[in-house]
Amino acid sequence: MERKLTCIICPLGCELTVQLEDKEILDISGHTCPRGKAYAEAECTAPTRTLTTTVRCSDGSLVPVKTQTPIPKEKMSECMEILNGVTAALPLAIGDVIVEDVFGSKVVATQNKP
Amino acid sequence: MYDVTVIGAGVVGGLVARELSRYKLKICILEAENDVAMGATKANSAIVHAGFDAKEGSLKALLNVRGCEMMEELCNELGVRYSNNGSMVVAFNDEERETLQMLLQRGIANNVPDLRIVEKEELHKMEPKLSEDVICALLAPSAGIVCPYGLAISAVGNAMDNGAELRCNFKVNAIEKTENGYTVSSESGSVTTKYVINCAGMNSDIVAQMVGDNSFNIHARRGEYILLDRESDKLVNHTIFRTPSKMGKGILITPTVHENLLLGPTSFDISDKEDKDTTAAGFAAIIKSTNESTKFIPFHTTITSFCGLRSVGSTGDFIINSPVKGFINAAGIESPGLTSSPAIAEYIAEMLREDGLEMIPDPAFNPTRKSYDAFRNASEEEKNRIIKENPAYGKIVCRCEGVTEGEIIEAIHRNPQPRDLDGVKRRTRAQMGRCQGGFCGPYVVELLSKELGIPYESVTKFGRKSVINFEKTKGGQSE
Amino acid sequence: MKDLVIIGGGPAGMSAAIAAYESGLRDILILERDEHLGGILQQCIHNGFGLHKFGEELTGPEYAWKYEKKIIDLGIEYKLNTMVLSVSENKVVTATNSTDGIFQIKAKAIILAMGCRERSKGALNIAGSRPAGIFSAGTAQKYVNMKGYLPGKNIVILGSGDIGLIMARRMTLEGAKVHAVCELMPYSGGLARNIEQCLNDFGIPLKLSHTIIQIHGKDRVEGVTIAEVDGNRKPIPGTEEYIACDTILFSVGLIPENELSQSANVSLSRITNGAVVDQDRQTSVEGVFACGNVLHVHDLVDYVSDEAEIAGKAAVEYINKNTDAELQIVLKTDGKIRYTVPQVITKKKDVAVYFRVSNIYKNVVIKVTDGDKLILSKKKIKVAPGEMESVALKKEMLENVKELCFSLEEV
């Protein structure tokens, strides 16, 4: 089986072609860097995404956050639900951990909040 | 009990209330919508017509010429933008030239001052961007342009400053005769009053029917417009009309008092009195007509398009009468209704006087009112003095039109108070510019929420169900 | 009196200020209209910024902080909540804020870095009503990401620019349903990766060659009628489809905000809607420079920073009077290349020329010629209007050149 993908690693957006047999990858082409190849592999076996969203702070305002590492793609909406229930204590600096572990990743602040 | 209740806070109702507020009268203004100036007043050509269109001897002719005469001083008193830019009706051929001659004669009969026909050479010196195909024009130096919603807002505001009361979201659904007047009711309550003035615009036939007057009806005529960005107003100096035909006055090109260029209206009778849809055919008609009249219209600077509804009466003239004791109609106020509105107010005051209403001048009456443009028009020195006193005037909220936070907050607290985004827009011009509120919209929502003490997500665009935001995210409760 | 006044404290203004500082200038002032530095980056909470500049994937606020921190550490002066009202040709800046009131500053050099705004729905003459629920994508982004309110639950997006795509995902994550993204052109103006991760990940249909022909709803949006368009972008009768929705987001292009540039009499390009500049990003008014989205709309902030560094350094050279023109080479384009920045080269130095193409082309050669003489050629597998391209001209190539023509040939 052949699977066509658009690489999301960088703005180049390379068009990748993956040759698959069942779940085994036979060949990857179209990538222009090793990270593209890794993306294609992950996308065909266990796709992941970095989630960026916001979390409500103790004063009612918002702080933007991200998962520090990509999480399983199918867990994004579940992760949103978890983060919607979180209240972050202030002050916050970029990189401060807001949640220790959601689906294998820390959730960190991406903005400084006094 | 009120002495006079005015139904409808458009430019006619507003000026009627303002005229009556000169006297020791208890006045109430009832408005169906969330703000004043929500009907034909907010979407029309904004022209002060000279008065050569209406037939000799008609109420339209009489009140138009009088209204045109009154407009400049009135606008000065109320702090409303007005410009006496003059108008031209352009002719492309001899048949149209004949029509201009007829209009000239009619204008003279109507007592329009200084009317004359301008020939091609002089015409193109006056308006170099007009099409070479234009052969002559009827020039009316007394014509002008005005901010129509500004006039209504300031008229209602001035009436309120002088004691009148305004009730918005009061959609009249019944009028009952009482011993010495009427009870006017809506879903949200009722008022009792000696006199009722029906200035309900599109719905004035329905209001008249509530007291048994079935003598006329009103239908809607769609008028679509395209508005171009500031600077484009320099295309023409005068308001440029096409020669009228059986199809009406046609599509005009005019600078506005806010330095935009306004193109329109189309003219199409419709049955739904609330259908303010623009149409692809309407846009095409505006583009075609205005391209014929001029050499080049910078359509790439379009900032918005909109549709207004004229309330067209079944009699062909303004319907200003008293069908039953204590009830006066001011209905069918289509073009030149805006121009005529100050004269209509005067006319109705006279009707009330003749009917025996005791009208004692109120010595406390103040005819003037601070303009919403006061800060904008101040000198730099004066602005700095104001900013020092109130730093909010140093902060620009609307970058396209240069409107400060101080001006917006002040407008929110003045009579008549805006309760929605469009209300702030019409008073201050914040969101009126080229980005159409893209940048300042969220900030104006915040100011309305804070100043009126209402939840952020309950702020609307124009009342009713026109909410901007549905809810706070993350299941959050509103602050 | 200031040596350098920078108008705008977004990515362009901050980067220009740092570059100027690093070139030895100290008397620098940034005027920023918003309440924070960073400009629009602060509401772009998604990642994908900084790969080119920092080799890592940053979110908008993180990218902004890299520069903001440096501005603070270097002690570069800036004023927030300060709106510039006008700039004169002799470099007097008039601005206002709550603490200083209206004030004037005379500058030796000025860098214009005001950014851009979104083209509004109003500019499009779409038939129908004008209810609540019509937003440009960036406005919706502000409501969701900065204010924490949901401006729509059932959404149709017109325009597949990156902001529209990003907002499709963002609104979906916050619980809204995006029914379709319609794109007038037969291709998307957004990055391929964004179509993949913002639309395909969530099963949101992208309808190419489609537009909204009518808006329905009196108070709040109730629906849209969309239709397919032909090669002339005219709706094809019979293809109309009604989609019920409560919100329409517009992502139909960005317009450089050059009202201040006009007040300073800066010549503007009708194609980029930004200033005409030389290799130093100097405009037609001596000592007035422009960079970032006010000059031409970029797709990557990294390139904004690069460009601003050029302007920042050059402004210092100008202040130090090292600015005499050595050359006057005009850069021209064929129809397939829409524009170049810079449009003029006046100095014998290495110059990176950025450009955009007018359509999607595959297997092309980009040629730079002086009359019949080929100066440079570059092969590309694919070029698209949404993605900025560049070529590097070496100073040796500029020897005895009068005019450079940029053309694109399909192989």
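Just so it is clear, A, B and C label the chains in written order, and each chain counts residues from 1 on its own.
Following the convention adopted for this analysis, a contact is a pair of C-beta atoms (placed from the backbone, for glycine too) under 8 Å apart; a residue touches a chain by one contact, two chains touch by 3 or more.
The shown structure was predicted, so the numbers you read here are calculated from the model rather than taken from an experiment.
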| item | value |
| --- | --- |
| Centrality ranking, top chain (CA atoms only) | C |
| Selected interface, A-B versus A-C, where C-beta contact pairs are more numerous | A-C |
| Centroid spacing, where centroids are CA-atom means, of chain B and chain C in whole angstrom | 39 |
| Cα-centroid distance, chain A relative to chain C, in whole angstrom | 26 |
| Inter-chain centre distance, chain A versus chain B - centres from mean C-alpha coordinates, in Å | 54 |
| Per-residue overlap in chain C, given as positions that touch at least 2 other chains | 144, 146-148, 174 |
| Touching two or more other chains - residue numbers and ranges from chain A | 54, 56, 60 |
| Interface hub residues of chain B, defined as touching at least two other chains | 473-474, 476 |
| Contact footprint of chain A on chain B as seen in their complex | 473-476, 479 |
| Parts of chain C lying in touch with chain A, wherever the complex brings them together | 42, 45-48, 51, 57, 59, 61-62, 65, 144-148, 173-174, 191-193, 195-197, 200-201, 299-300, 387 |
| List of chain C residues in touch with chain B within their complex | 33, 81, 83, 85, 96-102, 117-118, 120-123, 125-132, 135-136, 138-139, 142-144, 146-153, 174-175, 213-214, 218-220, 246 |
| Complex contact set, residues of chain A against chain C | 5-11, 13, 15, 49-54, 56, 60-62, 64, 66, 73, 76-77, 80, 94, 110-112 |
| Touch list for chain B against partner chain C, complex | 226-227, 274, 276-280, 282-283, 302-306, 380, 383-384, 387-388, 391-396, 399, 402, 404, 434-439, 441-442, 446, 456-457, 460-462, 464-474, 476 |
